[in-house]
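Next up is a structure, given as structure tokens.
Chain nomenclature is as follows: A, B, C and D, assigned in order of appearance, with residue numbering initiated at 1 for each chain independently.
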Amino acid sequence: MELTLEAAAFWTLAAVIIVSALLVVTGKNIVHSILWLVVTFLGIAGVFIMLDAMFLAAVQVLVYAGAVCIMVVFGVMLTQRGSMEKSSLFNKRVIIAAPLAGLILAVAGFLAAVSKESVPLSGGTVPADTVSSIGEWMLTRYVVPFEAAAILLLVALIGAVFLAGEVNTDADGR
Amino acid sequence: MLMGVSAVHFVLLSAALFGIGLFGALVKKNAISVLICIELMLNAVNINLVAFNKYVTPGTFIGQLFAIFIITVAAAEVGVALAIIIAIFRHRLSVNLDDFDWLKW
Amino acid sequence: MGFPVLTACLLAPLAAALILVFLPKDEDKLHKWVAAAGTFVSLAISLYVYFAYNKELGGLQFVERVPWIKDLGVTYFMGVDGLSLPMLLLTNLIGFSAVFASWNIKNRTKEFFVLLLILIAGVMGTFIAQDVFIFLLFYEVVVIPIYLMVIIWGSSKRVTKEYAGMKLTIYLLIGSAFLLAAVIATFVKSVQITGTPDMSFKGLGQVAFPEQFQIYMFLLMLIGFGSLLSMWPFHSWSPDGYAGAPTAVSMIHAGILKKIGGYGLIRFAVYVMPAGAAYWAPFIAVLGVIGCAYAAMGALAQKDLKYVVGYSSVSHMGYVLLGVAALSVVGINGAVANMFAHGVMAALFFSMIGFIYEKTHTRWIPDLGGLARQVPRLAVGFMMAAMASLGLPGLVSFIPEFTIFVGSFERFGLLAVVAIAGIIITALYVLRAGANTLFGPPREEYNHLKDIQGPEMVPLVVLGTVLVVGGLLPALLFDVINSGVEPIMAHIADYLPAAVQIGGKY
Amino acid sequence: MHHAWLVPLLPALSFLVIVFITRPRPKLSAAVSIACMLGSFALAALAAYGVFTDNHFQHRPLIYDVHWFGMQGLNVDVGIYLDPSSAMMIFMVTMVASLVQIYSTGYMKGDPGYPVFFSYLSLFAAAMLGLILSSNLLQMFIFWELVGLCSYLLIGFYSHKISAREAAKKAFITCRVADFALLLGMLAIQIIFGTLNLDELSEIMPHFENYTTAGMMTLIAVLVFIGPVGKSGQFPLHVWLPDAMEGPTPVSALIHAATMVVAGVYLVGRTMFLFTEVEPAMHLVAVTGAFTAFFAATIAITQREIKRILAYSTVSQLGYMMLALGVGSLTASFFHLWTHAFFKALMFLGAGSVLHALHHKADVWEMGGLIKKMPVTGWTFVVGGLAIAGIPPFAGFWSKDEILLATFLEGHYVLFALASCTAFLTAFYIWRMIFLAFFGAEKPENHPHESPGSMTGPLLVLAVMATAAGLIGTPGNPLWQNWIFFGHPHHGEPNIPIMLISTALAAAGIGLAYLLYLKDKDKANARALAGMFRPVYKLIYNKYYVDELYLWFNRKIVDGSARMTYLFDIYVVDGIVNGVGAVTKGLGQNLRCVQTGKMQTYALVFFLAVLVITVALAFTDSSSTALVMGGAK
């Protein structure tokens, strides 16, 4: 019954992720929340590494911890005026939402626990060269979703620009 | 229990993260906070997908591919959502979701 | 299959509507003549079909079949038999008259006549379609023009025209919802039993449905067709609807649209679900009798002419139900003939009331009086309709009523007596309305009124002729109807309880 | 004789011609109408001559039938049924109708509705003749209703008068009530015996037990009888007939005295085979007839309007005819029908002539001494009076005597007494009217003048008939009795006491009227008498309040329940309909509050639902549990 390295890594990462996620949710200052969010994302990147998904871990760090968080900070800057002290408060739904979230967790946990036997305990071996494999898959079998995602990104880009840039048409639009 | 790390562990981790994100998404007043919490939920899903990729179908990368698409879509979503929040903020001078109730009757 | 006569008949009004669409907006006269031409072609064709129909041969004639949706067994299946023929003729008689009854319409004539023509074509389609699917299709075609016509050209009295239009439409749609459910269930069941999809009346009629199934389905159909036929207690759309509707719509609605209910009840419900019919027949008879007596009493209390006729038509439909419920050759013959007779009579009534309203701007009986001196021709038309309504022998409605009475009295005994007593009340309210409108001291404010003339005479001449000819030569009507009814009754004879002799009832 | 079918057709033709062609030209219209009527009369006379000279027809009527319409279970023929009864009727109807039409050319002169009037008269004649010649009950019913329609139109001829309009409506609806029963009777006959053909029915009836019970048979007979009760103005449905006097006087003479109202008697006579089989029905007919005769006669005593007196007299005389039928004597009944047609038409036309002269002043108390200025009208009226009172040898005597005799011989002594009283009353009220109107002092405010020849001519002809029409049926010369009978000819031995009694009663009635209304110049005794029996007088003068009773019933019960039904309809039935609508709408109103527009609430509910569904799927059904447990094999 010794603590394997794998287990130690998992429990550490899990603790980091859960604690930082809780801090994200409970924090009253939104800037602090975003900073804790970065920690959560990094923890998740660690989990990805544990799961032999190197490429994904990199993407996670680049996209989530980097780009998304920066973008959210920009969002905060553009919308929040004055003090950040109480910029991220709870509303009245706490009373229902807390038990609901707890229950969903409980049910998911229970189901996961019951179905333990049917899930393989130790994973298979993922090919080491994940990046090239994924690249091949993406450009062959999954080329259509890939292109669709590309188009989606383009649309989102244009849409975001249009929505955020509305300020100019505003004057004559109304 | 503490010894090996199996798929169940990751599923439980993912569930916990999802629960936290859900809780935040439901109770936060600030629209950007809600957006952040939604990202947490998406990440929880990603953990699940990658975990199953490793434990169930290690050779085919389906889970990872799925996760990549989710990340892509999430990035797009964040962009558009922030743009919408900013646009609304311009009209209402508020990011409190409870003020955005003009979908009602 | 020779020249598609029935399709031509069906398309003539639609063609006229199409031409109307391309005409300039303010050519009022032209619109009316185009509409008249379209309906005239239909009328001529249907007259030809009526008299060319081979009564000795019977069955479906002038058949056209084009498969349409193979998987659902839907066929563009047109044909006429003794049941459809009088209805087809009636539709075109009334359609043609309705165009002339609307001769004085001033605003949006183009839209009005386009809708009117679509309406006529739709109703016609329901009567010649021999496929349930096509039947329902045409029925749905009818509903929307009516709604538009009521709320645009209608009049608000006791209730607003918007209310009337909505009530009318919702009732029609509720009826069709029940029907749709019944049709789908019947179709699915028939496929389960026979394995081949077939939506024609004839095909469905051949299927041996389980008895319990028939009983449920018949109830659905009864509610569906019954609310169309203004069966009590689903009747309250009828007086309000007619009062709100413009003349032409009242004519078509009371004259033919209502008859789709009775027609469908015989053609579809009784034919396909004979065991259900036998099970529910006493129930139908009771509702019919209540409808007769109740609506007659209701009509007695009315002071608005259109309400009088509205309630009266509910009462007359009670007779039709009673005839159907008798489930005998005599009863059903009477029911079909009465539908024809009532259609002609109600249409004439509404057209005359329409003219009165146009000229005096009121339908409120206490405000009218002595019109017989000022507008004698109008008075003649009104009186003819009134007399037909109270079942005066020598006009078209007496023999059908008599036939229904024979059929229902035979089967229901005392129950039928209540309905027959309705003829007294009918006489009371019809004469009261007629006398107070037409007779008594003439009123000065109506001295300047112009009698109906020229095109306005068409409804009176056409419908009046039918009233008299049908009354003097009932065989013209009954031979045709009988040729359609007898095969139906022969088909369902096995399911019916043994005829009850009247002597046993006392 | 084989052209009998033309008899009703000629007037019908004239109706069409007037309506569609000659209406703008009044004179021509009248000419067409009269020409057709006379032609019809000639044909009818020929037919009657043929029938009466050939004994063969008494047992085997001439029948032509053609198929009219039919289906399995209901076949109806129409046709002509010519036997002595119908031959007599068509002869009488065409004759009276011709005379009335000629009379009308004078009476209706200058009326704006002149051509319309003649068209209605033609239509009426056609319908009436059709009724008489019908070979089938349904056909008879059709014409029965058509004469009702003509009656309606003609009573309401002065339609601008509210009283005329109301009287017409009353007539139609009263008859309608009766026709309802008749229709029921016919339906029962059709259903039980499978035919409405008179000839076939008369053969079936003696063996009706093979088809139905005696109780049912009685019911049918009673139902059939109610129709004539309405049309022939028998108690209690007599109320419409006096009001029908609102119509032009020629109409009253033709329709409401001579022809249409006797259609009821005729129908009962035609369907005698229904009644003779069941005793109670016969009694009902007899009692109704006798009571009506007496009842109407008492009312007639107190009435003041000349036409109303005549109307009640008509009701009374129709009661006689019914009585005769009820005691089984078709002969007596039809004989009285025949004579009555002439003398009553005569009196009505005479009354019309008086009204014409006095510009429609109808109260007999305001007349007086008219006979000096209007000799022809006056003396013919006196002839009519003698005939109706039953003074030999005028027509009425013979026929009334026949009825009394038949009643007596059949052993209905109470009815006989009632009928004898009625004879006395009849003589009294008719002569009261004659003395008041034609004799005594002239009233200075009246300026009567004799009517033109077109009106007096028919009066003279009818006066001759009123005198002589009875002579074909005297005990010494029983031609009538050999022509018209039910079953077999019936020869009552001439009963001298009965003749004497009836003559004495008639003479007494006339004498009493003379004492009270002519000898007594200021009519003090009459007034005193009326004063002495004030309550009775009021009761009778107000016609026993039957009209008021019906009016009350109509106003309160019928209209009241109609009102209730309508209120029920708009508040309950429509209330439910609108209620369903309101509930749907209200539900929407309330449910829309759930749509707060707050996204997080929606999400909350969404995840709650996810939770519930997941739990439900995972913990209830095994198959779905496996689904939720994931791709686990």
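Before moving on, here are some points about what is shown:
By definition in this document, a residue touches a chain if its C-beta (ideal position, glycine included) is under 8 Å from a C-beta of that chain, and two chains touch if they have at least 3 such contacts.
This one's a predicted model, so the numbers in the text were calculated from it and none came from an experiment.
By the document's definition of touch, common neighbours of chain B and chain C comprise D. With A-D and A-B as the two chain pairs, more C-beta contacts join A-B.
Each chain gets one centre point, the mean of its Cα atoms, and the points for chain A and chain C are 68 Å apart. Inter-chain spacing, taken between the CA centroids of chain A and chain D, is 100 Å. Measuring from the averaged C-alpha position of chain A to that of chain B gives a distance of 5 Å. Each chain gets a centre from the mean of its Cα atoms; for chain C and chain D, those two points are 35 Å apart. The residues of chain C never reach two or more other chains; the list is empty.
Residue positions of chain A with contacts to 2 or more other chains are 91, 93, 97, 100, 104, 119. Listed for chain D are residues 600, 604, 607, each touching two or more other chains.
Applying the touch definition to all chain combinations yields A-B, A-D, B-D, C-D. Those residues of chain D that touch chain B in the shared complex are 592-593, 595-600, 603-604, 607, 631.
Put simply, chain B touches chain D in their complex at residues 22, 25-27, 34, 56, 97-98, 100-105.
Residue ranges of chain D in contact with chain A, taken from their complex: 600-601, 604, 607-608, 610-611, 614-615, 618, 628-630, 632-633. By the touch criterion given at the top, residues 67-74, 138, 141-146, 149, 156, 159-162, 164-166, 168-169, 172-173, 176-177, 179-180, 183-184, 187-188, 190-192, 211-213, 215-216, 219, 558-559, 561-563, 565-566, 569, 573-574, 576-577, 581 of chain D touch chain C in their complex.
Residues 91, 93, 96-97, 100, 103-104, 107, 111, 114-115, 118-119 of chain A are the ones that touch chain D when the two sit in their complex.
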